[in-house]
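Shared between the two complexes below is chain A, which pairs with chain B and chain C, respectively.
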Partner chain A sequence: MDSKTISAGRIADKVNKGELKARDLIEKVLQKAQEQNNKLNIFCSIAGAEALEQASAVDQKIESGICLPLAGVPLAVKDDFMYKALPTTLGSSQFKSFNPPYNAATVEKLIAAGAVVVGKTNIDNMGIGSATLDSPQGPTLNPHEPKRVAGSAGAAALAAGICSLALESDSSGALRQGASHCGVFGLLPSAGLVSRHGLAIHSGSFCRAGVSALFPEDLPVALNVISGYDPRDAATAAFREMNNRREKTDDLSNLVIGYLEALPGSVADLRRSLFKDTLDQIAALGVGKVEVIFKHLPEALRAFQVIAAAEASSTLLRYDGIRYGQAIEADDLELLYCKTRRATLNGEALTRSIFGTYFLSKGGYELYYRQALKVWTLVRQELKAAFEQCDLLLMPVVRTEPFLASGEPVFTDLYENDLYTVPASMTGNPAVCLPAGDLDGIPVGVQLIGKRLEDVFLLSAAVKITPVITSAPQGLDGGGN
Partner chain B sequence: MEYEVVIGLEVHVELLTESKLFCACPNRFAAEPNVNTCPGCLGFPGILPQLNGAAVKKALTAALAFNCEIALFSYFDRKNYFYPDLSKGYQISQFHVPIGSKGHLDIEDDQGSIKNVRIGRVHMEEDAGKLVHSPAGDTSLVDYNRAGVPLIEVVTEPDLRTPGEARRYLEKLKSILQYARISDCKMEEGSLRCDANISLRPAGSDTLGSKTELKNMNSFKAVEKSLEHEIKRQRAILKSGQEVVSQTLRWEESSQETIVMRGKLQAHDYRCFVDPELAPVQLTAEEVAEARENLPEMAEARAARFVSDYSLPAYDAAVLTASRNLADYFEACLAGYDNPKAAGNWIMGELTARLNSTGSEADSCRFTPLFMAELLKMIDEGLISGKLAKEILDQSFASGKSPRQIVEKENLTQISDHGELEKVIRQMIEEHPDSVENYRGGKTKALGFLVGQVMKETKGKANPQLVNELLLKALDG
Partner chain C sequence: MADVSVEELIRAAEIVKIELTEDELERLHARLTAYKKWLEPLLEVDCSAYEPLLFGHGALNVLREDKAEQNELQGLGDCAANYEDGFYVVPPIIE
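Entry: the complex of A and B
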């Protein structure tokens, strides 16, 4: 059986009923992980004995009469989540043998729910980026078009039919862009719903943990498992406000979806029309639609870049080689710092460190950082106003097709690609990426943004909308067993 | 030309909390390095700060005790710089909005009148670790036990004018912090650290001269000494027509002089910004009112009460209230003993001497206030002599056993039995006829000798007053 062809929910159901042994499934999954990894460069490390032990432990629990929501579900974990059993490389050669002494809260919860960690998925240096082009082991290739990048290795692990669930992180849109490029469903939960304890964040304001899956029905199950108040992450105080929020959308005709008439940024014509078609398909369900104004969308991206760089420049200071990670020996302290940090940081992490230091300096603070904070406030106000007119907001996910794996994209292109994903990052709203079709054989997703803390409502609507905008999960050889 | 001295103090105080400011590690002084650490205070990836509510309460209490305005909404910033003792590459500190501002303390100036010293701000921050250098000087190791320990920084306005005022301000500050149980203020363990900013200006001028910052003073006396030294140095520079270089100086206790640590020209740009990983600190008016309500009675008020309630001399009251521990001890003792003057004398004298010689505190001493009450009562009852009481105090102080138990177990009770004493007295009179003769011949000194012989025979247990009385009766009768 191919895990890709059945949902995480179906796997759990079968394992819980004793129709399928988690260990048998995981043995096959590990084999497939190895094969696909050779082709697509998905994993930093693949679990072996640990995964089989976990699977056996799940089987034992089931035999003793315990029911687990994610029993036996093969899980991909992005390499910025701490997991004691495997190294956490943070996308840096200086961390290739770093085994953290603690598990991320999300990893712990998923394992407790019966999921089995198959491997740690490839990331950009320090988890900053949406293309894995800044990874020491090179980019993860797109299972649909291996000449191009997957965007997110977790999404690739799903699309390649290895895993049924992927634990992902997202600050500027990596989770959603990867889901779009690979044709899977990606959920960025509301800020504060999911603990980030044990997630190596580089921006406290924007980094969030989320999940991707091959089937939309699996997202609410996974969200239920990973969300909750955790004193180890002050932001999760928000979880307590989640009560009494709308949960279900029984009648789609009561729903109003907001959209942007003119899409700013250079979006290819075919992508524009695919987006318009999707909007029409949804409207055909009887859903109301209303045009909303998002005047500061381009400025939102600029402000995001300034603030994210400022926060990264500070948060990444800890990687000095003194307490953990590999230091580069030097004769004096200053040289040790320089050499170690130069070897540890690269690509966008390095760029943000340099720019962010300037944005916070005496010369840059008023000019850039304070201005960016003001724009941030405007963006929040604008999105709030938009949600007074609608229940959900439909937006494109990404402007262009995935980058060529062999090429080196101009960094401004990398930045511009975040245009449609940073608003939800900045406002704390939940967003779900849904596959909406393909162009030249490469999937294209759309993004539904929900009101803050109305994640369950958003997912409920997404599950109902999915059948009319996408015929089947966008697997490589998808389509039943 | 006459110069006016302008001094401002920055005091860092470690808060008395169970755990550190942002993690659950014990906030405890430890000799062994890196035992009080966790991935959080070591700055590991993926560990977010968790604010310690107890530390916020202590900081709030301090701000209130220093008469500050309280910010109901404050937050933490990051102060970014590289140093190996700083585990995250930044210190979390309240830079933009401190929890307390615009406070003041009243002290006595050198002429003995009341002076108002303004306190600009009281803010919370985390401490850094410590570098330990090898004796050969070729390696440095880091001890992160102190990393993340909660601190408050109390910053005065440049209102102090003499080294003596600076010392009295520090003494007042320490007394308040100890009374409110905010800090133990042990300078030798680093739980109170003081930096001083000092400049001179022509008398009558209202602009500030260029200042120097003094560091590394490990006692209040050192603060006073270093300021006196710096005043002389700056005055000499100014008198010779030169300018004082604005720089940081390090006080060397051994040579009693300052040496240059770093010039201000290399001042850091700390790039402070709000820490995005922490929620703002929000206090309600009720919480502030409650903390204000719970402020303890401070030293001066307590001393005044000791004078009025217990009829103690002002001097005794001042000594007993110098530390809250001693004052608490005194009042706890009075719960079991009703002669305040006697209790005060014993606590100020005998107990304090033993506390000082063992380096212990009245609140953790094994000789409890109730033991003291018991001991004093036994003296009043005539069961033991004052001399014996001191020996019993020694034993009880060391063993933690009750004085009454010691007396009973070692059969130390004073002999006040008439029959028993009369027997000994008769024996002594027989053994020392010469002395009896001398006494009867008018040499009263001989009486003392006979009393001494009785005491010796009874191994000091005889009630001396009674011996005197009975001996006189036997000799004169």
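Entry: the complex of A and C
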């Protein structure tokens, strides 16, 4: 049995019924993970005995009569989540042998629900980036077009048919962009819904934990497992507000979807056409559509970059070789800090650390940082106004095809690619990426953005919409659930 | 808008404690100059009617119950290169 041909829900069902042994499945998955990793560079580390022990523990629980929602489901975990059994490298050679002393809250919950960690997935240095081009082991290749990047290694692990679920992080859009490039489903939950305890964040305002899956039906199950109040992450107090929010919808005829008529940011014509076609396909279900205005989308992107850099410059200070990371020996403490931090940070993480400090310094603070905070207020108001006219927003995910794996894109191209993903990042709204077709054989997704804390409503609508915009999961061999 | 000077960039690198080579400084200076150009539309937005947003998600602060519990300090300390009796051991700063 191959994990890509059936959904996580079906795997759990078969394991719970005793029709499939988790250990048998995971043995095959680990073998496939090694094979695909050699081709696509998906994992930083692949579990061996640890995964088999977890799978055996799941089988024992099932035999003792316990039913688990994710029994035996092969899980990929991004390498910025703490997991005791494998190194957490944060995309830095200075952390290559760092085994955390505890599991992230999300990892703990997924394992308790029966999921089995297959490996830690490739990551940009310090988790900053959406293409893995800043990873010390090089970029993860797209299973659909290996000359190009996958965007997110977790999405690649799904599309390559290794895992059925991927635990991922998202600040500027890595989770959603990877899902779009690899033809899988990616959920960025509302801010505060999922604990970030044990997630090595670089931006307190924007980093969130989310999940990706090959089948949309698996996202609500996974969200139910990982969401909840956690006293170790005060932001999860928001979870308590969910009680009064809209839940599942079975009737799409009352649904109104907002969309942007003019897509800013030089989106290629074929992508525009695909987006419009998707909108029309959804409208054909009887869903209402209304044009909404998001006047300051380009400025939102710039405000995001300034705030994210400022926050990274502060957050990444902890990787100094004394508190975290392997120290580079030096004659005095100041030099030890400087050498260690230079060895630890590279690419965008290094740039953000220095530019973020500049934005927080005299001269940069008033001009850039304070202005960015005001534009953040404006962005929230524009999104709130849009949601007064509609239930969900439909937006593209990315402007262009995935970057070439051998390329060195200029920074403006890297930043501009986040144009459509940063609004939900800035406002705390949930967003789900759905495969909507392909261009030249490379999948293209769209994202539905929901009202804050209405994740269940968003996902139920997404599950109903999916069949009309995509005929099958976009894993390499497709297949039904 | 004044261009950022190399000295300002060196100062930022010193504050954030990152050692840079001359080549890196030159590259970052060119990048920051281009970056500031890219940011110009941000500065053109009339924000006179808006207050800065300091926390994006509107949640109120929540404090946990004040009770003693087992902490993970030893485990976290063990991640450091040198950790003894609850202290991080660092190179001497006074000869």
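As a convention for this text, the second predicted complex is superposed on the first by the 478 of 481 C-alpha atoms of A that agree within 3 Å, B and C clash if a C-alpha of one lies under 4 Å from a C-alpha of the other, contacts with A are read in each partner's own complex, and residues count from 1 in each chain.
Just so it is clear, a contact is a pair of C-beta atoms (placed from the backbone, for glycine too) under 8 Å apart; a residue touches a chain by one contact, two chains touch by 3 or more.
Note that the coordinates shown come from a computational prediction; the quantities given were computed from them, not determined experimentally.
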First, second, both or neither for A:P298, with chain B first and chain C second: second
Chain A residues touched - chain C or chain B, whichever exceeds: C
Which of chain B and chain C A:R318 touches, first, second, both or neither: first
Partner chain(s) touched by A:V306 [first = chain B, second = chain C, both, neither]: second
Which of chain B and chain C A:S353 touches, first, second, both or neither: second
Which of chain B and chain C A:R342 touches, first, second, both or neither: second
Chain B versus chain C as contact partner of A:S203, first or second or both or neither: first
Chain B and chain C footprints on chain A, overlapping residues: 100-102, 205, 231, 234-235, 237, 313, 317, 320, 322-324, 333, 337, 357, 361
Contact footprint of chain B on chain A as seen in their complex: 80-82, 88, 90, 100-102, 104, 196-201, 203-205, 231-235, 237, 310-311, 313-314, 316-320, 322-324, 333, 337, 357, 360-362, 365, 369
Complex contact set, residues of chain B against chain A: 39, 42-51, 78, 80, 82, 84, 87-90, 142, 144, 269, 271-273, 275-279
Contact set on chain C toward chain A in their complex: 1-2, 4, 8-9, 11-13, 15-20, 28, 31-32, 34-35, 38-39, 41-43, 45, 47, 50-64, 72, 75-76, 78-81, 88, 90-91, 93
Parts of chain A lying in touch with chain C, wherever the complex brings them together: 98, 100-102, 191-192, 205-206, 231, 234-235, 237-238, 296, 298-299, 302-303, 305-306, 313, 317, 320-324, 326-327, 330-339, 341-342, 345, 350-351, 353-358, 361, 363, 367-368, 370-378, 380-381, 411-412, 415, 426-428, 452
